[in-house]
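For reference, the structure is listed below as structure tokens.
In this document, chain identifiers A, B, C, D, E, F, G and H correspond to the written order of the chains, with residue numbering beginning at 1 in each.
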Amino acid sequence: GFAQLDVQRAARTGDPEVVYGEGKTPAQIVSALRALHAAHPDRAVLATRLAPAALARLAEELPAAWLDEAGRLAILGTPPAPVGTVAVVGAGTADLPVLREVAATVGVFGAGCDEVVDVGVAGLHRLLAQRDRIAGADAVVAVAGMEAALPSVLGGLIGVPLIAVPTSVGYGWHLNGLTAWLAMLNSCAPGVLTVNVDNGFSAGVAAARIARRTARP
Amino acid sequence: GFAQLDVQRAARTGDPEVVYGEGKTPAQIVSALRALHAAHPDRAVLATRLAPAALARLAEELPAAWLDEAGRLAILGTPPAPVGTVAVVGAGTADLPVLREVAATVGVFGAGCDEVVDVGVAGLHRLLAQRDRIAGADAVVAVAGMEAALPSVLGGLIGVPLIAVPTSVGYGWHLNGLTAWLAMLNSCAPGVLTVNVDNGFSAGVAAARIARRTARP
Amino acid sequence: GFAQLDVQRAARTGDPEVVYGEGKTPAQIVSALRALHAAHPDRAVLATRLAPAALARLAEELPAAWLDEAGRLAILGTPPAPVGTVAVVGAGTADLPVLREVAATVGVFGAGCDEVVDVGVAGLHRLLAQRDRIAGADAVVAVAGMEAALPSVLGGLIGVPLIAVPTSVGYGWHLNGLTAWLAMLNSCAPGVLTVNVDNGFSAGVAAARIARRTARP
Amino acid sequence: GFAQLDVQRAARTGDPEVVYGEGKTPAQIVSALRALHAAHPDRAVLATRLAPAALARLAEELPAAWLDEAGRLAILGTPPAPVGTVAVVGAGTADLPVLREVAATVGVFGAGCDEVVDVGVAGLHRLLAQRDRIAGADAVVAVAGMEAALPSVLGGLIGVPLIAVPTSVGYGWHLNGLTAWLAMLNSCAPGVLTVNVDNGFSAGVAAARIARRTARP
Amino acid sequence: GFAQLDVQRAARTGDPEVVYGEGKTPAQIVSALRALHAAHPDRAVLATRLAPAALARLAEELPAAWLDEAGRLAILGTPPAPVGTVAVVGAGTADLPVLREVAATVGVFGAGCDEVVDVGVAGLHRLLAQRDRIAGADAVVAVAGMEAALPSVLGGLIGVPLIAVPTSVGYGWHLNGLTAWLAMLNSCAPGVLTVNVDNGFSAGVAAARIARRTARP
Amino acid sequence: GFAQLDVQRAARTGDPEVVYGEGKTPAQIVSALRALHAAHPDRAVLATRLAPAALARLAEELPAAWLDEAGRLAILGTPPAPVGTVAVVGAGTADLPVLREVAATVGVFGAGCDEVVDVGVAGLHRLLAQRDRIAGADAVVAVAGMEAALPSVLGGLIGVPLIAVPTSVGYGWHLNGLTAWLAMLNSCAPGVLTVNVDNGFSAGVAAARIARRTARP
Amino acid sequence: GFAQLDVQRAARTGDPEVVYGEGKTPAQIVSALRALHAAHPDRAVLATRLAPAALARLAEELPAAWLDEAGRLAILGTPPAPVGTVAVVGAGTADLPVLREVAATVGVFGAGCDEVVDVGVAGLHRLLAQRDRIAGADAVVAVAGMEAALPSVLGGLIGVPLIAVPTSVGYGWHLNGLTAWLAMLNSCAPGVLTVNVDNGFSAGVAAARIARRTARP
Amino acid sequence: GFAQLDVQRAARTGDPEVVYGEGKTPAQIVSALRALHAAHPDRAVLATRLAPAALARLAEELPAAWLDEAGRLAILGTPPAPVGTVAVVGAGTADLPVLREVAATVGVFGAGCDEVVDVGVAGLHRLLAQRDRIAGADAVVAVAGMEAALPSVLGGLIGVPLIAVPTSVGYGWHLNGLTAWLAMLNSCAPGVLTVNVDNGFSAGVAAARIARRTARP
């Protein structure tokens, strides 16, 4: 076949391989997700970055799959019972697709998820109102584009492990998210961790691992 | 002489030429400031970006000059009576030299100045406590380095004309202020204006012009 | 709904939220503009960056809206009576769309607008002929692409608050407006303020605020 | 004084402020560390990025401080009893200063630290021999310069939360660590988190927070 | 005609000209390949970077040509008997097109080829299992995208001449292969040679020359 | 010796080799200039980019040489009788060193030179006053830093061959002259030619060639 | 109308305005060329960067125009009798469109043109065979993409004024011509002048001016 | 000790570790070279990038070492009998330090070396005169800075494996060798391999491996 799935990954690192949809045909995505599900029948598997055509094909051929159009993703199989909670905090409505990618990944990788949307710093009161809810999570993921001030403000308000995801959202010359990325890496709040632009998946993997371990009884 | 002063500038634009100290010897700076003062005997003139040696020479040869070591600048002659007020808001103590350059320029160019220091977003309560004071000014200059979240937060809280000055302050790879600069140009708050990195002088000129005109009786 | 409008913005900063059309469907734009108008029945609201399809849909569904094809924008409701004047100065005909975005924003945000088009420095006499007209405004916005020499020449001729908008207009390798942007930030004229590439909206907001306050009786 | 210490930070986020030595005189560093210690008498405080002159001055004036020359840092007061373990893994001997900054920060912020040095991928057997030791930690920090292959190899071998710190170590044109930084953000292993170039402090803060919470009984 | 083929190249450098398909119409490609074949009737000639339409046209008009869809290339005529062996090692399945371009070029330029696919460092055991097979070749070409850790790991395991080909494969902000390119040029393993992003052809030419000469009896 | 002079260059291209002083010791510069003079006894030879120590040594050991401290250069031997005229136009006093390098090169390469200094666009009247003088030259070299608007304004006023030299002069973030360089390459005036940042020598060579040929009787 | 033609340009600089086709509709191009022709009935006018649709429309509506498909341009009216000669030298067949833009501009701006095509340095003998022909011109324009070695080799062989035009031609990561541009600005041959990437028009204007003046009797 | 030498490298890859002098004290270099020699008593070992102080200390403490000041390196012990020949071709005298690093590495790694200096393309005849000598080698290393046209010209003349080393040599804005680097990666000659800027060591390792194997009897 075109792609060789790394079906031993779960044994090695505790978490299964996923399907990255960009650059794959709908048919390839369906068959990859089916194969992954067959290799891990007892736990949910995930496909990300799905174009509308791929989502449509999945709806037809794998009706058991749960689809999220805004998040451009699909889940097949039952997610594990959640251990620990990740607060996923988004700055604007345009950041929603990345926020959903974080949330779905967190669920598939075994943690619970609390979505806090549209709390960007241009209307600060919205964020301050949610401070305690966010501070109660086991890990926080902050999703923001443009100048990405959100994680710096958050990082001054809480001491929970904090991952910042820069998005390629912006007006005009934002360099496809480079601005947000540089901002997050230069945050004046100590301990802000980051991932690549729009990489909600990688942030979700890391956050779930932290939350699962933090909350283990 | 080495530098030809543009002594007609005040007639053309309303504001006099200044002395930019970088790349000039102490002797050149003294003589340039003296010449500028002679051309504008009835109003204060300014020299910026002065190295310690230049400040020392000025103290000796032009004892009438007012010197600001933190701001690396000198003023000779009496500033105009201030018309209008500029709030100059700084994120951290390391931004102080640029903040002082703004403040001195504002004074020499004829407006009053209210300095609000060390109110960076990592400790948000400090900024919120000063909100009304800042909102009462005729123009606001926000000085910040690193990820420069300050002007975005401010821009969501007030409707006063707002100029953001990126500084070259940061830990590690901040690209000499490029990060702050990009952040300011991509602010999610509408109407944020900006200048070059560390260019407190240009921000001060613009802010004074706005404040003077805004407040005219 | 998809986008949550920030309807309290006017209360917080004095100016209402607007609709940014890029990345939104015609249907989303129509409904956002309608909602904004409902929240601010007594003043004009604005939608920018409208593709031809969006303009066509607005013409059909909101016939009361005023449409500007060159400026790719729409206004719904009656703009406030203008207070003060902004001169909007454009270098070339290709800069027109951005110039119109400035002009429409200035009007919606409450100031009057004087458009001075096609006065780029390659034919200097055209600009010199308009010098006094421009110098009489309460704020000036200079719109230019390519090497963006216009604001530097203007900045040496007048003392009015001056905002420069770089455009992504150019032949060959102009880096999507980076050249114009760098030129404006390195202007040899003091006090030149700037915004992001093509961001006529943000420049218009700032200019209107300056003009309104300057001219208040 | 010059710098205003944020002495409420511990109350807000659970961890105290630290002293960043770059750009400060030895005298300023001594007085800042002393003030921080006075504000937190019952827990260790940290100063980083200390030049040899600053270390010498501290040795003289604060003999109770523990100094690490390779790590360019100082600790004053007794660190908390460690909760949980962070494995700090370094690629080459030139990465040692950053590795030590991670280790000291981890200790001051309350976790235990296991240093695994000189296990870069050019001699793979060295890393493979330590796999189980690293996999047993509560959090892992991988420090590497040049092409920074280490976190990718590690990320394929373990499922522990993993933070990668790019260093400015390299031969020739490595762009002051940009190469390592880009490599870490583009890791083929999922869940790799990162911080700014050479920012061992921020990685240490985050790792300690994860380990402390993970291991809480 | 549009393109003048350099038919003396084989006389000058020992290897014939090839057809680079990008930017050429299917008709131009067919005629160029035909002309090249006529000039070199006794040895295979190569066309690279063929779009699906070009491959289809070749299938019709030059049925004697051997086509490789994954590699986007065509070979016309009989390749020379292979002298020496090049191991072509690929990190992931998405690197396959470039890997095939290397392999076809190696064959046309007179060496044998051993393809080792999908042995990226995220699953290290796969690479270690092939170490001796790779070490037995006369030259090695390592093809990798993303953070491109493969050549560094390989370079520490073998002493065979090693050429690294960066690919433009990646998720998110990988800068069209710049990340892989920088990583290869900063490899901690000495003696790693490299070519432009995705340039499997140039790597194949060089590897075949090395293998042919190395193995000459 | 360390450097091999290309003494046949005059025969090949009509103009002799010169000594580039950067990175050479005073002793090396003296001996190179002496050797060049011996090879071309009947015409002037040039040394550029001389540090103060090199100028001092030349004053001592080659008293016949003509030295220009502001231009950091030396000329040994009699320049040719000038044929044609190059107008060398400088924006600001800080551009003087580059302007002088142009002028000296023009003279040594056989054309006459008319220096027009300090006519930057911030005080436009100064340039307009010199328009006819500049338009009368056989070639024009415009030297400018910062946003480098001068060549665009000039290019709209005259039709003489025009070479623009960007300088590394600027306040703050001007990217070592990149801003000026980009501006010149994106000039809205057609026919503006350019050279590398600060490369007055190369501009002088080209301008002298144009002027010499243009004016030949 | 949409575009205001600068019909006084010929009076000011000696050469008329031209039509730049990029971003204009076929109808706008036809009407602009017609207007330009009306303003300059006694000399040829030029339109560049024409898409196939624009060329087709011109063929229909202005049958008197001379069209060059490879060069993407049109000429309307009789060019001036040529004065002097420009050698236009191209490296490869893919550089042809830019070479033709140079040639057409040279003709319209009043000089003669000698096209020397496909003499790139990879087959050096081709260039050496044309050396004397090129050396006999009044000005030389060298057009090259990729690594752009051609102008450096030429610059060592001749002393004629030499303009280098970088093209955006290349395989893989050539940064849209940045590589060629940097190479030309760093040429080891003195006196190489350059223009923006693909800007054959600007090079043609400058070369024609040099050749016309050089050859004037 | 500070640095752990990788003394098993020869067993793994066939070639021993070397000492990289940059960033090490003279004392560290002496002791590292001594230790390396002790581990490999029967073959030469190498230290590169030695500052004058390090060379002086080596002369004193290890009088048996062979020192090359121009190449900034030292060799201790007897090099292997050379197998095969590497032609090392340099463009200008300023490239000499890198050329010598290549040559010394080639010798220590077991091949013979033929140095061909100062044959840059600005004086093409010099290179053409050496064509056959270079074509007779088993591998070629071309060392060049500025626009680095040399490898492209060479690559069109010979079919021997060719490694290009960009140097950081240039006048003005050459971006520390980036220009040369980009030029080499975009060479129009097929099969040009490259390494990092100034990395003569890595090129020497690769060339020696190719030559040794090519020539093996």
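Following the convention adopted for this analysis, a residue touches a chain if its C-beta (ideal position, glycine included) is under 8 Å from a C-beta of that chain, and two chains touch if they have at least 3 such contacts.
Each chain and its UniProt protein: A, B, C, D, E, F, G, H = PurE domain-containing protein.
On a predicted model such as this, the values are computed, not experimentally measured, just so you know.
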Contact-richer chain pair [B-D vs A-D]: A-D
Equivalent interface to A-E, taken from A-C, A-D or D-E so that over half of the residue contact pairs match: A-C
Chain at maximum distance from chain G, centres defined as averaged CA atoms: D
Distance from chain G to chain D - Cα centre to Cα centre, in angstrom: 58
Computed distance of Cα centres, chain H from chain F, in Å: 37
Distance from chain D to chain C - Cα centre to Cα centre, in angstrom: 47
Per-residue overlap in chain F, given as positions that touch at least 2 other chains: 12, 122-123, 155-157, 171-174, 178, 181, 185-186, 196
Pairs of chains in contact (touch as defined earlier), listed by label: A-B, A-C, A-D, A-E, B-C, B-D, B-F, C-F, C-G, D-E, D-H, E-G, E-H, F-G, F-H, G-H
Interfacial residue positions of chain A with respect to chain E in the complex: 2-4, 6, 8-9, 12, 20, 22-23, 168, 176-178, 181, 196-199
Chain G - residues contacting chain F, complex: 12-15, 18, 138, 155-163, 181, 185-186, 190-196, 201-203, 205-206, 209-210, 213-214, 216
Chain F contact footprint on chain H (complex, rising order): 93-94, 118, 122-123, 171-174
Chain G partner contacts - residues on chain H that touch it in the complex: 91-92, 120-124, 128, 146-149, 152-153, 155-157, 170-175, 178-180, 182-189
